[in-house]
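We just call them A, B, C and D in the order they show up, numbering each chain from 1.
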Amino acid sequence: MLDKNGIAKRIAKEVQDGYYVNLGIGIPTLVANYVRHDIEVEFQSENGVLGMGPFPFEGEEDADIINAGKQTITTLPGASFFDSALSFSMIRGQHVDLTILGAMEVAENGDIANWKIPGKMVKGMGGAMDLVASAENIIVAMMHTNKRGASKLLKKCSLPLTGVGCVKKVVTNMAVLEVTPRGFKLLERAPGVSVDDIRNATEGRLIVEGTIPEMVL
Amino acid sequence: MINKKVSSVEEALIGVTNNMTFMLGGFGLSGIPENAIAQLVKLGVSGLTCISNNAGVDDFGLGLLLQQKQIKKMVSSYVGENDEFERQMLSGELEVELIPQGTLAERCRAAQAGFPAIYTPAGYGTEVAEGKETREFDGKMYVLEHAFKADFAFVKAWKGDEAGNLIFKGTARNFNPNMCGAAKITVAEVEELVPLGELDPNQIHIPGIFVKRIFQGAVYEKRIEQRTVRQKST
Amino acid sequence: MLDKNGIAKRIAKEVQDGYYVNLGIGIPTLVANYVRHDIEVEFQSENGVLGMGPFPFEGEEDADIINAGKQTITTLPGASFFDSALSFSMIRGQHVDLTILGAMEVAENGDIANWKIPGKMVKGMGGAMDLVASAENIIVAMMHTNKRGASKLLKKCSLPLTGVGCVKKVVTNMAVLEVTPRGFKLLERAPGVSVDDIRNATEGRLIVEGTIPEMVL
Amino acid sequence: MINKKVSSVEEALIGVTNNMTFMLGGFGLSGIPENAIAQLVKLGVSGLTCISNNAGVDDFGLGLLLQQKQIKKMVSSYVGENDEFERQMLSGELEVELIPQGTLAERCRAAQAGFPAIYTPAGYGTEVAEGKETREFDGKMYVLEHAFKADFAFVKAWKGDEAGNLIFKGTARNFNPNMCGAAKITVAEVEELVPLGELDPNQIHIPGIFVKRIFQGAVYEKRIEQRTVRQKST
């Protein structure tokens, strides 16, 4: 079983040289810490910055330079700032190569629900609906099951959708899965997790073909 | 040059009345029109519809208008971080329309640019698209979203001149440029109002034609919502 | 009868303090020379400049600073440059207060034709169709009749249209006319031109009410 | 940073073949991709569809491609000032699609921003709208115009860096920013390629994400089409 950092570490291996990447809040944010140093990657934040760097040193925070999580950030040489319309032109126009975001539920057809729980205070979708509706390459980072042990990889989402048929890959604390027309195809197991463990934790249709390797982190 | 300068926030907000629709720039607490918001609190206008990506925090930004129950309806993409907002929303006092962030930006831009509506893929197949026209282009589905209509747009820039030209700084730019000229009257407040000719015409983010009134804000708190830092390695 | 400069001079009186103005090629360009000096006006050119000044001094021309007529220009303090999309946002979004352009024909319902003569080489509409489709305040500057003496103020345009029902006012070498739901309403006569002269030169419906004053230039 | 720099115009145009559709920035002869055009002449590719506001003059700009009969179709708003163009058009050798200038800009921007189509009032009631969907919004009529699809966009900027960030100068900006990222491959040529970090991130007109390849043009003639001057009063 992986912890959140383990999930981030595994997803970081999906980030390729020359990718523009948008990271959602939560586990996805951690991905930046594990991207290989020998490749060139630029992080976009939908509030209007490309080329984000690490957090600023204490005393160097600037209220005018934040990320989509409203955290103070820095920028790297070659960075740029832009307005919200141009920012979503990057996203909608499919100029961002990879989108990594969290989810409450993912369905076997690639539907995703990550913005609203009926009866609870709804904070809003922010840029998530734009991201999932447009991105060609979406990886979901999440726990395989919720706090009550119920599967988050479902036949059909029970929560209000954020987008339809858009998720390409899911990386959980238990497995790496590809969303295919036939369902969740199991690609890798987390260390110490068996195929049966994954089968038991997956409500949606799981496709297991051949021997499933253990993740290399 | 056509002079857009007004001498005070009071003058800048002349014409504001109850039940109007406003656009307000800013993302989180970054790049929000602090002085216009303070003046709206002072004027006590109510029944307002506010188009703004966020709703501030309890004691800053649009939260100040929420505390005074001046807002009837919020049109936003994300409204967390605000207890009073949550109370009013759950009690039904406050109407909330949540829309995708890119859709919000583009509905502003449509109003600015004279487009009646746009087709965006965001929200297709979700409750955001309920009751809206959808349409296929090249095998992909899109939702028809209409341009906003607003009475005032309140935006905040870094520098500006008397012609109304604006330059923004960092991510405080966000929705501000897209809201300029998207309402009947656009009021820009700036940290620094510089003499005419001082801004490089090549480097103006928003030409003055989109701005009706401009003033230098008296004071900017520029509060940080999530102060995140790293330690200097020794 | 006015010459081209006379037409421009008369139109200049329509330009009010605080107006953003787009001037077409030909007679409209001359209008800038006659605008009162005690009012503030900014000239927009659709290729991407607001705040145009006079032509440059010899030796100071810059290939990167031109107007929509491709002429070298200068800018005044407070000017700005922008891309074509933002330029037409100004026009389509009705931020430009007054559009002055030439025409081959204007119809009594406000239709305008100014871009194409069938059988002749067509150069294109440039920004004219965007301007006439969006501007709230359009003044046409033209000769009252063509070179063969035929009226250019018609019941119906014979040439391919540039826009429908959009012209508000026409200033010719003979008259100032307002386009109303009932037809061309005669507002002013050019010096030395009689109402009958204008009637004879106008094919479209002409409305003459009361005494028609002579233009004051 | 992702490095977009290529060492030469030859490398920048790798992949260009016959019968492709290109977008080319520029208004008149201002801000045109001079080096890319020269290389296209050299490559001799033909059957081209060129989306460009103008078509150059006989011996400069796109006129150079017309002389070599490399262009099959022009999509432009204004094509005067070119005898060879006129000859080919009247003889039927050259197909010409004339569209309003603002529509041209916005069909580029739609491609850049992922919009399938836009509703614009330009051309309603004229032959430009023939065969196109029209629609009323709020009592005004609009024409549905589709996003362009192109293989390459050739743009010219003033300054750029290896990350592909671009800054334009004066009215040489025109359509160039709107074409960036609007084709499968965007090639930017710049007068000056500056070291990474030299451009102010606040003042970048087009972020590098919209640019695939960037190179410094060998030489720029920057020809003036209408040299207009005034005399110094003595």
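Couple of notes before you dig in:
The rule is simple: a contact is a pair of C-beta atoms (placed from the backbone, for glycine too) under 8 Å apart; a residue touches a chain by one contact, two chains touch by 3 or more.
This is a predicted model, so every value here is computed, not measured.
Looking at chain C and chain D, the chains in contact with each of them are B. Looking at B-C alongside A-B, one finds more C-beta pairs in contact between the chains of A-B. Inter-chain centre distance (chain B to chain D, centres taken as mean C-alpha positions): 33 Å.
Remark: chain B and chain C have CA centroids separated by 36 Å (rounded to whole angstrom).
For the pair chain A and chain B, the distance between C-alpha centroids works out to 28 Å.
Chain centres here are Cα averages; for chain A and chain C they lie 55 Å apart.
Under the contact definition stated at the top, the residues of chain A that touch 2 or more other chains are 49, 81-82, 85, 88, 91-92, 134.
Each of the following residues of chain D touches two or more other chains: 109, 114-115, 120-121, 168-170, 201-202. Two chains count as a pair here when they touch; such pairs are A-B, A-D, B-C, B-D, C-D. On the side of chain D, the complex with chain A involves touching residues 1-3, 109, 111-115, 161-163, 165, 181, 196-197, 201-202, 204, 207-210.
Chain A contributes residues 18-20, 40-42, 44, 49-51, 75-82, 85-86, 88-96, 134 to its touches with chain D in the complex. For chain D in complex with chain B, the residues that touch the partner chain are 114-121, 137-138, 140, 142, 146, 167-170, 201-203. The residues of chain C lying in touch with chain D in their complex are 45-49, 54-73, 81-85, 87-88, 91-92, 111, 121-130, 133-134, 160-165. Residue ranges of chain B in contact with chain A, taken from their complex: 27-31, 53, 76-80, 86, 89-90, 96, 98, 100-106, 108-109, 120-128, 158, 168-178, 205, 222-232.
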